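Dropping the structures in below, format is structure tokens.
In the two assemblies presented below, chain A is common to both, partnered first by chain B and then by chain C.
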Partner chain A sequence: MSERPSLWWIDWRLSRPPLVRETIGRFLYFCLLGFALLSLLLSGGASRFLADRYAITAVLRAEVPPAGAEGLARKVAGLPPVRSAAYRDPEAAWAEFLRAYPGLDPLRGAGGNPMQGYIEIRIRPDRLTGADVDLVTSALRSVPLVEQVLAGDEWLPRLLRAGRLASLACWGIFGAFLAGFFLVGRLQERARALALAGDFAFLAERGVPARRLAFFRAAAAAVSGFLLAAAGTAAGGGALFLSLRKFPFLEGAIGPPSDLLLPRTIAAVALFSCGAALLSAAASLLGWRAARSVRK
Partner chain B sequence: MTRGTGRILSAFLAAAVGLCILFPASAPAARDVAAELRKERGRLLEMKEREEKTALELTEALRKEKLSKGRVGELRERLARQRSLLSRIDRKVSVLNERLERAEKAVRELEAAHGQARTDLRRAEVVAFTGERAGAGDPCHPSARERERHFMRVYLAADAEGVARITRARERKEEELSGLERQVAVTERKRTQEKKVGDTLLSRQEEERRRLADIEREKKRKEKELKSLRAKIARMESVVSRVERQVKERERRARKGAAGGSAAREPAEDPRRFASLSGGLSAPLAGKVVTRFGRQHDTTFDVTIENRGVEIEAPSGAPVKSVGQGEVAFAGAVSGFGNVLIVQHGGGLFSVYGRLETFLVKQGEAVKKGAVVGSLPGSPSGKSVLYLELRAGGTAIDPASAIPLDR
Partner chain C sequence: MIEGFRLGVFSRGATLWDGLDIAFGDAAAWFVAGPPSSGKTLLLSILRGERRPDAGDVVVSGESLYRGSAAHARAWRASCGHVPEQTIADARLTVGDLFRRSALAGGGVRESERKDRADRLLEMVGLPGSLEWRIAELSISERVRACLAAELLRGPKVLFCDGVVAGAGIPSREMLWGLFRALAREGNTVVLAERTIPERWALAAGDAEPVGPFRVYRLPLPGAKGDPG
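Up next is the complex of A and B:
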């Protein structure tokens, strides 16, 4: 009985050292991409950065008591787009003002503190849009306790547009890296196909169809690509976790480490791994085809 | 004073006149005594005129003194009021000055505060401007920058409001200060005016006091003169009494001499009492006694007067009747008493009627009791006064004790 040889991992059996090198390279690359992917997923591009810097200020009337202001802050915090709402009393406002304009304190020795208390409202990063900001500001303006709402009406549209552009740029760079992975992978597959062309010709002479050979090679590339992507992303996630823990200031731009374990993050990683598998398989097929055309 | 003193002296004068009249009736032979009596009468009249003149002058001095004292009192009261007013004005000026000082101090403080506030505002504006130019606040936190700018606007607005408030307060204080200064000026002017008035009053009071002192001296001098005159009159009265006694003595001797021939025909006529007159006495007219007989105190002159008769007030022009039967011994004018009528009732009894307007009888004419002998003069007030004196044996007696008079 003739035993048909398994074509799984044919490249691994025919050319192990280069494949090991390629695998290590791809893993490292996926670590980098996974780090970037998780960073982008957590930060939402520039949204978290901008949301951390943007706040709506509801200046309260001078006669509003602290208890009323605290109650209003709690109500505002309950609005869907709002991430947090904190009341600052007039003393805190005065201290903040003096930090911004030092040297004014002795000028009002007899005049006292002219500042009112205010509520600082921060928007969720994923809800930092003009519509949501309008929703919150219109709700605040209808409250009698609020004297004025400072929502950056002049510069907010520019900020949002910059945020959108920054996000697009980030994702574009990420996509470019993915494309790079694909192109490099295709070249590697083509080179390996050319290097193993004699072996493949031998197999073809003995009745192994070239199409089947290409399929198994692509399947092996997909599996390895999936595994490498998953492992690399996990390693990148670990690195990100450690970075966020070590450098807390990064949380302002990226987000809290705990978000790494959110289901949506895991699902996104799985999807990314699948995509990487597809890209690996496509690179293998295209590399095979490119090698065949060269031989002809 | 004139009336009172005149009354005293006139009483003596009436007595003297009566004696003068009596003397020729009772002893026409004693010419030397009659001459002496006439002489004394002349001297008495002269003294009476001098006394009357002195009394008039004294009265005038007293009137002036009273007037001057009244003026001095009035001036004193006005001066007291003036001093009280000046004191009030001084207090007001003092209060106004205190308020003025406080207002000036407040204005100075407000000006200092205003200057400081303006300086602070300018510095704050500089800080705001430089901060704005330098992009104060964290550029990575635009919301915080927006809030800080809002606070800067609030700060500047509060500072500007503070400056405006101080400016308004200063303007109000300055207005108040101007008002106070005007009030002080007005009050000072008023004080000056009142002080002038006070000085004028003071000088007038001094002048009035000097005048009063002159009057006092004049009064003392007149009183002294009057006292001297009274003493002279008293002496004169003693002389007249002595002469009267001499007359009586001569009458008595004459009656004794005549007694050798006709003692059995005509018994000696002793002095009688008015009550023993045949038919008694009746009132000379219907009226009220306004001046009583005897020693009376005159409140006007603060002297004690010896009245020898009474004064009866009756309607002007009323007829005067003889109080009893007799003969008119004298009818003529006597200084200080006007027209005087003396009726001799015999037995040393005389009735004297003074201040008459007209005589209806003549000297030596016999009159009956109730016969109209004269009338009172007319007067704008409708009232006139009759002087009535009764003398018995050379002594004046109270007419009210012999005649029923309305008191």
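Up next is the complex of A and C:
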């Protein structure tokens, strides 16, 4: 009696050229998906864009000394949702005012610098939520040195909702592309299973169970899916890294290139690769089943 | 030993045969002759474990193929070689693909070894240097011989050939006569299904045993009594 044949990479051993074409296509697609995934992970959808443009301004009382103001700024910077807190003294505030409204220099002549010092607080992109903004503003309002907190209370909820919708739309588009990968992959697997039907029937006639064939094809699809997704995402990440280095203005919307190497980013890529492996295996099994139902 | 007990087949709305008792001993070459549409191909597929008979059972090495364990049936099929009546199903393949596929079914053979053995087998069946040839471009005789050579690559313990002698043509008969008997002498079992037995083979085999619509001959082994050489 013959020994059990190894069925690993059976499609590769039976028919290489179409598989090479499919593999190249999938790799390029994963490069695109990887680029999009990493962009979304770093940017948090629209969060980084909004966080880059949103700031809480704590206007300090006129009598607050610079040392006290800087101490307060350091304390605020220690709050979990805060990315940065910078003190601007009255002179700096006046200079900024003039840059924004040129030609209003005569205002100062009447009674000295009318501007007060303030602390500009920026929120971390991943903590830009109503609750976290409330946490920071309520902490600031309880400080006697602070005269007024400007946090855009009227329009912030609308802005955050728009940001959430934009993020959802971005992830939705990404999900649609992933679903597209699954559907196209299923069609490719079905076409390949049909093309190799004669070979599979040959093997089945010679004692190779169809289930074993389907299992090993799916397992090979999972392994290749994982490797292709990991390699494609790495290549996409490289392209994103170069883009961020070449066009620094993108950092405002996407994030710094160094974030690509954060453990959470790498963990997300590993998770994505596992998901791609599962999708590839499912596409293989469904394609196999569809091909068998056509043959029957 | 392959034994069919009380085999019956219902096909195309009629009973093709029923109550068929047939046995093929090990290490022998058997020739089953039967008229067209008598169910020769069906008989081979039943004996190979591919198609459950509508009545009766097939016993191989003392265990039923259809009522025994699935592992036994799989192992049996893995030990079998089968050269079918020629179809156009494999037309897209090359002769080399047939060998690659056969090697895969046999548990994998190293590529260099496969090529070496394929070259020798193809030379033996009169198709030297044909590894790159496309099946679609081969004649019926060449296809039969290429398929036979590819099956022999795995060294099957039992070889079922359906219409191979007729398909290969008269010029290949001597080669096949020698090949099948040599396989039997080496301990393999060969079962051939054909419409008619070549006259010289029938003379050498002696009296046939009538089994249902078939006549079953046992070909003499080389050097045995009655062997014409």
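Here, the second predicted complex is superposed on the first by the 286 of 296 C-alpha atoms of A that agree within 3 Å, B and C clash if a C-alpha of one lies under 4 Å from a C-alpha of the other, contacts with A are read in each partner's own complex, and residues count from 1 in each chain.
In this section, a residue touches a chain if its C-beta (ideal position, glycine included) is under 8 Å from a C-beta of that chain, and two chains touch if they have at least 3 such contacts.
All of these numbers come straight from a predicted model, not from anything done at the bench.
Participant: Is A:93 touching anything from chain B or chain C once the two structures are fitted on A? First, second, both or neither.
Facilitator: first
Participant: Give one of first, second, both or neither to describe whether A:53 is in contact with chain B, with chain C, with both, or with none.
Facilitator: Touch status of A:53: first partner only.
Participant: So, A:84: does it touch chain B (first), chain C (second), both, or neither?
Facilitator: Neither chain B nor chain C is touched by A:84.
Participant: So, A:205: does it touch chain B (first), chain C (second), both, or neither?
Facilitator: The answer is second: A:205 touches chain C but not chain B.
Participant: In the overlaid three-chain picture, which partner chain does A:258 touch, first (chain B) or second (chain C), both, or neither?
Facilitator: Neither: A:258 stays clear of chain B and chain C.
Participant: Applying the document's definition of touch, where does A:148 land relative to chain B and chain C: first, second, both, or neither?
Facilitator: first
Participant: Does chain B (first) or chain C (second) touch A:138, or do both, or does neither?
Facilitator: neither
Participant: On the superposed three-chain arrangement, identify whether chain B or chain C touches more chain A residues.
Facilitator: Comparing touch counts on chain A for chain B and chain C gives B.
Participant: Residues of chain A touching chain C in their complex?
Facilitator: Chain A residues touching chain C: 1-6, 10, 13-14, 198-199, 202-203, 205-209.
Participant: Which part of chain B faces chain A closely enough to touch in the complex?
Facilitator: 120, 123-124, 127-128, 131, 136-137, 140-148, 150-152, 154-155, 157-159, 162
Participant: So in the complex, the part of chain A that touches chain B is made up of which residues?
Facilitator: 53-57, 59, 93, 96-97, 100-101, 103-104, 107-108, 111, 114-116, 118, 120, 148, 150, 152, 155, 159
Participant: What residues of chain C sit close enough to touch chain A in their complex?
Facilitator: 48, 50, 73-82, 89-90, 93, 97, 100-101, 104-108, 154, 156-157
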